[in-house]
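Both complexes shown next keep subunit A, but they swap its partner, so subunit B is in the first and subunit C is in the second.
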Partner chain A sequence: MLALTFETFRQLTVNGFFRGCAYGLLGVGFALILGVTGRFHFAYGFTYTLAAYLAFTLTFRAFSWPFWPSAILGVLLAACAGAAIERGVYRPLAKNAGATALLAVFVASLGIGIAGENLIRLLWGSETQAYFGPTQTTIDWWGVTFINFDWWQAIAAIVITAALAAMLRYTALGRRIKATRVNPDLAKAIGIDADKTYVIVFFLGTICAGVASFFYAVKYTVDPAMGTLPITYAFVVAFLGGTARSPIRVFLMGIVVSLIEQYASIWLSVQYTQTAVFVVLVGYLTYLAIRSSAFMAKFNKAGRPTPVVPSTAAEV
Partner chain B sequence: MSLWVNYLDQILLYASLALSLNLLLGYAGQVSVAHAAFGAIGGYAMAYTTLSHGWNFLLGTLLGMVLAFVIGTLVALPALKLTVEYLILLTLAVSSVIIGLLVAIPQFGGTYGLINLPSANLFGWHLRSPYDWLLPALLSMVIVYAICHRVGESPVGRVLKGIREDPVATEALGKNVFAYKVTVFGMTSALAAFSGAMLAAWLRLATPGVFGFAFSLTVFAIVIFGGMANLNGTILGAAIVVLLEPVLRRVVRIEAAKASLVQLIVYGVALAILMRVRPQGALPEGFSLWRRIRGERAPKARVEMAADWVPETVQHVGEHVDDQLPVSEVVRRDHVWHDAPVVLETRGVSKRFGGIVAAHELDIELRRGTITALVGPNGAGKTTVFNLLTGAIPPDSGTIKLNGDELVGLDPDRVARKGMVRSFQDVRLFNRLSCLQNVMMAVQGQPGENFATLAFRHGKVKGAEEETRDKAMGWLRFVGMGEFANVPAGALSYGQTKLISLARVLATEADVLLLDEPASGIDTKWVDTMLELIEQVRDRGRTVCVVEHNLHVVGRLADHTYFMELGQITAEGTIAELTNDRRLAEVYFGTT
Partner chain C sequence: MDDEQRSEIVHEGRITRRRMLFGAAGAVGAAAFLAACGDDDDSTSATTAAGAATATTAAGAAATTGSSMATQGTTAGSTAGTTGASSAGSAGAGSTDLATLLAIDPASAGKGTTIQLAAVLALTGTGSFYGKTMSRGLDLAAKHIAELGGPTFKYTYLDHKSGDAAAGTQAMAEIVSKGIHAKFASYTDDLGVMLTSTAENKVFTLDGGGGTSIFGQGKPYFWGTRAITPNDTLPGLFKWAKETHPDAKTVGLVGWDIGEPNNSIVKKDVLAKISAAGYEFNNLYELVPVGGQDFSQVLPKIKGNEPDLLLVGMYGQDPGSFANQAATAGLKAVRVGFEFTPDGVKASKGTYDSAGYTFTYDYFDPANPKSPMAKKFVEDFKKDNGEDPDFYAANFYENAFVMWELMRRIWKADPKADINGDSLEKALESDLTVVSVYGGDDTHLGSYTLDATTHSVKKRQMGVFEYKGGKVTAKAFFGIDGADYKSA
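Coming up: the complex of A and B.
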C-alpha cells in the first residue's frame, strides 16, 4: 500500500479539481443538449475535436492568426457546426422517425461521429500535432503545483458555467430553453419556437465542448481521436449530474468524478482509474433501476412507464 | 484470390457476431453498444486458455460463453427498468469496464493483448489458411443464424417484439417481461462470446483494440444497415461494411492509407442518411426474398385501405340518457347481478401519491356473467383502479381477491395469468406486428414461449403454434376483423384498433376482463358493434368491468354501476338510480 502523505493528497485534490473543470464543462454542454432536446448527441466528441483543430489551423496552418482570436473563432465555428448538425440532420430525422426518434438520432450521430473523426484524419492527417501557445509556466502554491493553462481553464469553465446558469435563470432565452426542456409541445403552444431553441442549445452546448477541447489541446496536443475519451466523460458527468438540472450541479459532478478518478489512483494502477469511474456509473444506474421499481415511479396514471430520470422536477 | 477468401471469412465472422446483436436490438429492442465487449470475453477466454493452458480453442470458447452468459445476465438486471438513453449509457459503461479490466489484468497482456495464438485445431484439422477457415466460419455463422432464427421467428420472438413495441402491454398480457429481457440478454451475450472467440481464433489474437468500442459500433452499424429484425439483412450488412474498404481500394483505386479513412467516412455518412431515407434498413422487418420470388406480396393494398379508412365523423353518442331502458329490463338486470357469484372482490384498497389520494378505501365487487361499470368525472381515478387491480400500481393497503386468491403483491403478468386482463384507454397495440400476431400474443399457455421447449420440442411448438393461430383467427373473426389478419396494427383506423384491442383481451380467455373506455372516441356505428360484442362476451359467462364516460353506453351495458369521485366510490347501484340522483348528475355533468 502506498503511503498517502498529506502532500500527495493535496496534489491529487488540486489535479482532480483542474481536470474536473474540463469534465464538468463537457458534462454541462452535453447535459444541456440531451436535457433540452432529448438528442443522444454522440457526435459531441467530433465537434469537440473540431474546435481544437479549427483553432489550431487558423494559427498554424492557414492564416497565421494570433493565438487568442483564432482560439475564439475556432470554438465559435465548431459551435456553428454543432448547430448545423441539429438543423441539418437531427431535426428532419426526428420529425421523420416519430416514436423511434431517439434511436434514429443516436444512430445518425454515431455515423456523424465516425465520419467526422475520419474526415479530420483525411484533412489534417492522423498524427498527433503539437499546439504551441503562450509559454507554459508552472505555478507553485505551498508545494502544490499546476500550470497556468490549468488555471485559465478553471476560470473559463467556471465563468461559462456560471454564465449559463445565470442565463437560464434570469433571461428570456433561458426561460424559453427551460420551457422547451419541460414540455416542447406546450412551449410551442405558447409561441416558443422549439426548433430554434434546439439550435441555440446545440450552439451553446458545443461552445462548452469547444472550450474544453481548446485547453486540452494547448496543454497537450491535437489528434483526431482526442474526442473519444472526453465524450464518455461528458456522458457520465451529464447523467450523474442530471440532464434536467442546473449547470452548476452538473459542473460540480464533473469535479466529483475527477476526484474519484484521482483518489482511485492512490490504490489502483492508472489503468484501473477509468474503470473505477465506470464502475461508479454502473452502480449508479443500478441504483436508479432499483429505486424506480421500489418507489412507484414505474407507472403514472395512464399506466405509462415514467422514464427513469434522476430528477423529475426541473430545478435552476 | 486468397485475399478475397479472407474477406469472405471476415464477412461470415462479423455477420455471426451481428446476428446475435440483431436478436437483442432488432427483435427485443434493447439498444446495446457493448456487444463487442461480450465478444471480447469469448475471445480472451479462448486465447488465454489456449496460450497458457494449452486448451483446445473450442473448450475455451465454451468457457467464454458461460462467462459472458453470467455477466450478460447480471447486466440485464438493472437494464430492465432503464429507458433507451440510460441503456445506451449503461452498455457503454459496461463495455468500458470489460475492456478496461481486460487491459488491466497483466496475464492478458495489457494493451497489447494476447497475440501469436497457435492455429486453431478443429478435431485434428489445423486451420491455417483463409481457405481452411471458410467452412468453420460458415458453420459458426449458420449455427448463430439458426439459433437466432429459431428464437426470433417463434412465439418467443413474438413476445420479444412485443417488449420492443410496448413492454407495459406485453406484461398486461401475462408475459414475464423481466425474465424474457434477462434471458435474451444473457443468451445473446453468450452467442457474442462464441462469435468473438471464433473471430479471435481466426485472427490468432485477442487484443483490446480488436474488441474495442469502435468494433461495437461497427457491429451495431451492420445491424442497422441490414435492417432490424431481419437476419438476412444482417448478413448483407456485414458484407457491405466489410467489403467497402477493399472495393474502394481496388475498384475505385484509392490509395491504401486513405481507403480505410474514406471507408469509415462513407459508412458514417451512410448511417446518417440511412436513418433519414430508410430507417428500417436494407431489408426491412418481415421482408423475405424467397416470398417475393414466389409472388407473395405483402398485403399492401389492404394496408392502404385500412389507413385511408377513417370514420367520416367521429361522433360522441349523446351524453344524456335519453333512451332509458325499460323498467322491467332494469329490474331484471339488477336481479341477475344480485344473484351472480362474486369473482373479484376488493376490500379497503387505498393508494396515495404523495399528498394526492388516488384511491381511498375501495370496495368493489365484480360478479360472474355481469358487466360492472365504473363511471365518474375526469380525474376521479377510474383508470387508477384498473392499475391497482392488475398490479401495475401496488396499493398501499387493502386486499384484492380473485376467486379467493390474493392478488396484492403480484406483478401485472402474474395477475393476467391468474385470469384478469385489462385493455388500455390508449389501446396500446403492437404497431409493427400484424393484427393476427397482436391477438396471438394474447393466447395463454403457449409452449413455444418457453426457451427450453423451443429448443428441444420442435413438434410440440409447431402444433401449438397452429392451434394458437386458429384461436387468434377465431377471435379476430369474432370482432369482425378477420380480413385484417395480416395488416400491421399501426395501419388501422382508431375504431379498428379498439376492436383488435378487444380481440386481444378476449384471446387471453381470462375470467375477468377490464375494459378501459372500449367505445370512446369511435364512430357511432362502431359503438354498436362494440357493445354487441361486449354483451356476447358477458353472455358467455365472463366477468366484465368497463370504465366509460358515455352514459348511453353504460346504460346499455351495465348490470351494476359504481360512481367514483376523487378516488372514492360515492355511490353504487343501477345506472337509473345513479342518474336520478341530482347531486351525482351535477358532479358528472357540471350542470343540473
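Coming up: the complex of A and C.
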C-alpha cells in the first residue's frame, strides 16, 4: 500500500477540480442538448474533436492566424457544425421516423460520430498533432502545482456556465428554450419556433464542448480519437446532474464526478478509477428504480409511487 | 403555391450569378482549407512559444553525438558463419555492393515470384504513428528487395487499432481466410490477442514493434525481433545508473496497463531485475491506460512515494505527455523511458528539449548508419518520405529482409518448395542469426541472433541515450542482460 500524505490528497483535490471543470462544461453542453431536444447526440464527441482541429488548423496549417482568434473561430465553426447536424440530419430524420425518432436519431448520431472521426483522420492524418499556444507556466500555491491553462480553463468554464444559467433565467431566448424543453408542442402553439430553438441549443451546447476541447488540446495534443472518452463523461455528468436542471448544478456534478475519480485513485490503480464513476452511476440508477418501485410506494404517504424515473427522453 | 415554392421554380435549371460566385468562392476556400489540413510543414508553427522549436525538431532528424555505437556486425558476424551477413565478410571484403553483401544467389532469390504477406499494425488510434512509420519501412524494403532481384512482396495491411482486441481477432480471421502464411506484427501480436490464432493457423510472424515482450515468449511461429522493453534493458540501465547516480537506492515504475496476465508477468520480471541489481523496489508500480494523456491522478501518488529512479514504461506520445506533467508536478526522480519517437517529442511540449529525456532501448541512429544496407535505407527513406527513418521503420525494413533471407534459404534447398509457416519456421530455426540494418561497417552487414527457446533476441545492442535540445546523445551501450557494458 502506498503512503497517502495530506499533500497527495490536496494535489488530487486540486487536480480533480480542474479536471472537473472540463467534465462539468461537457456535461452542461450535453445536458442542454439532451434536455431541450431529447436527442441523444453522440456525435458530440466528433464536434468536440472538430473544434480543436479547426483551431489548430487556422493557426498552424491554413492561415497562420493569431492563436486566440483562431481558437475562438475554431470553436464557433464547430458549433456551426453541431447546429448543422441538427438542422440537416436529426430534424429531417426525426420528422420522417415518427414514433421511432429517438432511436433513429441515436443511431444517426453514432454514425456521424464514427464517420466524423474517420473524416478527421482522412483530412488531418491519424498521428498526434502538437498544439502549441501561449507559454505554459507552472503555478505553485503552497505546494500544490498546476499550470496556467488549468486556471484559464476553470475561469472559462465557470464564466460560460454562469452566463448560460443567467441567459436561461433572465432572457427571452432562455425562456423560449425552457418553454421548448417543458413542452415543444405547446411552445409551438404559443408562437415559439421550436425547430429554431433546437438549432440554437445545438449551437450553444457545442460551444461548451468546443471550449473544453480547446483547453484539452492546448494542455496535451490533438488527435482524432480525443472525443471518444469525453462523450462518456458528458453523458454521465448530464445524467447525474439532471438535464432539466440548472447548468450550475450540472457543472458542479462534473466536479463531483472528477473528485470521485481522483479520490478513487488513492485506493485503486489508475486504470480502475473510471469504474468508480460508473459504480456511482449504477448506484444512482438503482436508487431511482427503488424509489419508483411498488415496494417504495407502500411507504409513500399518498399511497402511490413517486414518478422520479423519466418516462420520455425530454424529461431525462 | 407559396413563396418558397415559387422561388424554387424561378431558379430551377439555371445557376444565378450570385450562386455561381458563392459556389466558386466556397470551392476555392474549401480546397485551400482541405489542402492546408494535410500540410505537414511544421515551419508555420514559428508563431508559437516554447514549442515551435520542438515541432521542427520532431519532424527532423535527431542527430546523435558522443561516441559512435559499436558495430554489432563485428560481434555477431564472428559467431554466425552461415548467414548472408557474415558471409559478406569473406565474399564482399572491400565491396559496398548490397547484393554481394547479402550473398544473393539469383537462382534462389525468388525473382518473378509474388509473395502475399500481411502486416497487422496500429494504423488508427493513439498509436497510429507506429503504423505509419512501420508501413513506410515495409514498403521501402519491398522496393529494395525487388531491385535486388528478389520476389515481389504484396502486403495486406490490417489495422489492430492500437491494441484493440476485437480488431486483432478480426485481422487474424482475414489473414487465415486469405490463405496468407506470414505476417509482420506490432504490439506483441496485438497485446497477445493474435498469439493463439498465429500458432493454430501456423502464420509465421516477425514482430519488430513490441518484440515478444515477456508474455509472448516461446510461442510457436511468433518471433520478436527487437529487445524487450523494459525488461531486456534493465540490467544495462542499472549499470549505467550506478555509475551516474551512485546515491540512487529505490526504483519505482509507472507504465501501460496491458491487461492480465501480461501485467503480472512483466511485473514479476521487472521486480526480479530490480532486486538482482541491488536496488530496492519502493512499492510504486502504477499502471495507466494506453494512450492516456492526463496523468493528474497518478502524479500525486508518485510524488507522495517518489523513488530515486522512476521507470516510465509507456510508449508513443504518452511518455512525452508524462514528462511535461511530471516537470510541472516537480518530480525529482531520475526518469527513464523506453522509447523515443517524434510523437513523444511533440507531446512533451518542449519538455524533452528543455529538461532532457533519458531513454534506453535498441535505438536506431539515422545520423550514423554503419553498413551499406543501413546507408541505402536511410538515404532512400529520406528521399521517399522527406524525413529520417526511426527505430520502427528500421525494424520493419529489416524484418522484410529477414523474411526474404528465410525464403532464400528455403529456395536454396528446394527451388520449388512452398513458402508457408512451417517452412519459414524451420528455415529460421536452422540458423538463428539473421541480417540487420543495425551495426556492421562498410564491408559487413550487421546481424542479430534470436533465441530458439524464447523466440526473442539473444544478441542485440542497446544503450542509454539522452535527447535534449534537438539532439540524441549516447550515454552507454550494452547487450541483453547488460552484457558488454561500456560507457559512451
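Side notes on the structure shown:
Here is the rule we go by: the second predicted complex is superposed on the first by the 293 of 316 C-alpha atoms of A that agree within 3 Å, B and C clash if a C-alpha of one lies under 4 Å from a C-alpha of the other, contacts with A are read in each partner's own complex, and residues count from 1 in each chain.
As a convention for this text, a residue touches a chain if its C-beta (ideal position, glycine included) is under 8 Å from a C-beta of that chain, and two chains touch if they have at least 3 such contacts.
Given the structure is predicted, the values throughout are model-derived calculations rather than measurements.
Once chain A of one complex is fitted onto chain A of the other, the partner contacts of A:121 extend to both subunit B and subunit C. When the shared chain is aligned, subunit B comes close enough to touch A:97, but subunit C does not.
In the superposition on chain A, A:49 makes contact with neither subunit B nor subunit C. By the touch criterion stated above, A:269 is placed in contact with subunit B and with subunit C alike.
By the document's definition of touching, neither partner reaches A:180: not subunit B, not subunit C. With both structures placed on the common chain, the touch criterion links A:246 to neither subunit B nor subunit C. In the superposed model, A:70 makes contact with neither subunit B nor subunit C. In the superposed pair of complexes, A:213 makes contact with neither subunit B nor subunit C. Residue overlap on subunit A between the subunit B contacts of one complex and the subunit C contacts of the other covers 121, 269, 271. Residues of subunit B touching subunit A in their complex: 31, 77-86, 88-90, 92-94, 96-97, 100-101, 103-104, 110, 167-168, 213, 217, 220-221, 224, 258, 261-262, 264-272, 274-276, 279, 353, 358, 383-384, 386-387, 392-394, 424-426. Interface residues of subunit C, counted against subunit A in their complex, comprise 32-34, 36-40, 42, 44-45, 47-52, 54-55, 58, 123-126, 128-129, 131-132, 257, 283-284, 286-289, 291, 293-294, 296-301, 303-305, 316-317, 321, 324, 327-330, 343, 346-347, 349-350.
Contacts from subunit A toward subunit B in the complex involve residues 34, 40, 89, 92-93, 96-97, 100, 102-119, 121-122, 228, 232, 235-236, 239, 269, 271-272, 274-275, 278-279, 281-282, 285-286, 288-290, 292-293, 296, 298-299, 301-305, 307-309.
Contacts from subunit A toward subunit C in the complex involve residues 1-5, 7-8, 11-12, 15-16, 18-19, 53, 57, 59-64, 66-67, 121, 123-130, 132-136, 138, 140, 145-147, 220-221, 223-225, 261-262, 265-266, 269-271, 273.
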